[in-house]
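As structure tokens, here come the structures.
Two complexes, one shared chain (chain A), two partners (chain B, chain C).
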Partner chain A sequence: MTIVVKFFGSLREEIGNHEVKIKAEQPLTVAQVWAQACDEVPLPHHIWTAVNMNYVEQNTLVQDGDEVAFFPPVTGGSDEN
Partner chain B sequence: MNDSSLYRYSRHISLPQVTRIGQQKLTQSRVLIVGLGGLGSPVALYLAAAGIGQLMLVDGDQVDLSNLQRQIVHNTAQIGQDKVISAQTRLQALNPDIQMTTYSYRLEPEALQQLITTVDIVVDCSDNFTTRFAINAACVRHGIPLVSAAVQRWNGQVTVFLPTYSQSPCYACLYPNQEEEGEVCSETGILAPVVGIIGSIQAVEVIKVLLNIGESLCGKLLLLDTFTLQWRTLKLPKDPACLVCSSVNFIREIR
Partner chain C sequence: MKIEIVSAAFNPWEQLQAYEQTLTIPRSKWGAVANFVGTMRDYNVGDTVKSMWLEYYPGMTEKYLQTISEHALTQWDILDTLIIHRVGPVQPGDTLVLVAAWAGHRAPALEACRFLIEELKSRAPFWKKETLEQGSRWVENHTAI
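And then the complex of A and B:
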């Protein structure tokens, strides 16, 4: 199956790519999709994950043709000195 | 509403979803803005201009030269002043009809909770997790709507929590691991207009919630990456295991 993987915000900057496609033989969780797309680096647990624009847990199973997106949480209010 | 008010707010009153009745409602509303920095600046300016009757302003910081690149409610002559005083001066000049109460110190959770029970809606423009969680807990407990946003680098996010709706998530649903501090913008940087875009959306959501019109961002997280100029809206479910909102009996004060 083919899965479209998208990186948003500072993840896009770090990874240097906003979209990759991966292929898999068997079903993958969101975390396994990340690992396959990112040279087996484990998915940090603070990263938000979405499948087909729905916010999901990292252990959610992904189907063929799904879009999996990764978002870094943003926390600043730009109030700091 | 007198003639000068009718004229001042005529462009609102012309909107069929607002009208004179809606504008009247805005002038009778009380809004708490926590943080008068990058996000708080456009939020406060637009809500003051829009004629929100009472603004409560909370910020313990003073205006610093490095703030002025994006915190547009303050100006160069106000460096060193309390941010709430600096903001109040600017906002009162913009709209002499509104009333403001200022708190020039970081409010302890107890005092914050007390203040939240007296307002119609809270706008979170703060810069740290501790304050964000305290605001969220108080809003959930007392059933007060919360418009929450954050920015860093080229990115922003904004959402609305409506604790009186049983399906509404809360801030803690988004961050189940409270101990993780995010990056602060003094370390990572922030592009000036990003706070203007995201803060302006917060102001829009405040007005819609106050008037109970349109479709709010409740249950949705709006994300912006200005570097590629991409918007995303994620559906945000309530976390059934959330420690803050899953089993709350909120207290609705009779006002």
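And then the complex of A and C:
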């Protein structure tokens, strides 16, 4: 199965890529998708995860054709301090 | 209900007025409109900020804003909502976000507006990268209310 993996924000810069595609023989969790896309580096705990544009936990199972996204905590709106 | 992500500068008051003109509910039915307008400051955590890059997740950001708008419309006795959020390169003084809620009375309008901006800030997929006088940095998520 093929899975689209996307990275955003500072993570996109650190990884050096916005989007990659990975292939798998068996169902993977979100954390396993990360490991396969990022040379087996463990998924950092603070990173947020989404499948098909919905927030999910790291142990969620991913299906063929799914889009998996990884990104740092969000900072929209205004008012930072 | 309207949700819009824009990559060019916008005037929140013109947008508010323009959207009001599209509302099918007569003006005599809404006694209150509450709004929040967020503007880019030229400082943050003690540093001068010269400009900013606002990144988002096309598709998911709109989906999330739609979800919280639908939630607000069921949770409070409100008539309509509007969210406009800027992305891309932004300059100090530019409007970053407009949130508005229309209702028959002030309490639901104010509460729904507060809910929308707080949910947007804490969960909607946007990321800010500031350009300082020397270098740049990603804004980290520990915001003050």
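The criterion applied here is as follows: the second predicted complex is superposed on the first by the 73 of 81 C-alpha atoms of A that agree within 3 Å, B and C clash if a C-alpha of one lies under 4 Å from a C-alpha of the other, contacts with A are read in each partner's own complex, and residues count from 1 in each chain.
Rule of thumb we're sticking to: a residue touches a chain if its C-beta (ideal position, glycine included) is under 8 Å from a C-beta of that chain, and two chains touch if they have at least 3 such contacts.
Predicted, not measured: the structure shown is a model, and the values here were computed from it.
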Touched partner set for A:18, first chain B, second chain C, both or neither: first
First, second, both or neither for A:8, with chain B first and chain C second: both
First, second, both or neither for A:45, with chain B first and chain C second: first
Which of chain B and chain C A:63 touches, first, second, both or neither: neither
First, second, both or neither for A:71, with chain B first and chain C second: both
Chain B/chain C common contact set on chain A: 8-10, 12-13, 50, 53-55, 69, 71-81
For the chain A and chain B complex, residues of the former touching the latter: 8-10, 12-13, 18, 45-46, 48, 50, 53-55, 69, 71-81
Residue ranges of chain C touching chain A (in the complex, touch as defined): 38-41, 44-45, 54-57, 59-60, 63-64, 85, 96-97, 117, 120-129, 138-141, 143-145
Chain A to chain C touching residues, read off their complex: 6, 8-10, 12-13, 50, 53-55, 69, 71-81
Residue numbers on chain B that touch chain A, as the complex places them: 35-40, 59, 61-62, 64, 66-67, 70-71, 124-129, 132, 149-157, 174-175, 177, 180-186, 188, 190, 195, 221, 223, 225, 227-228, 230, 232-237
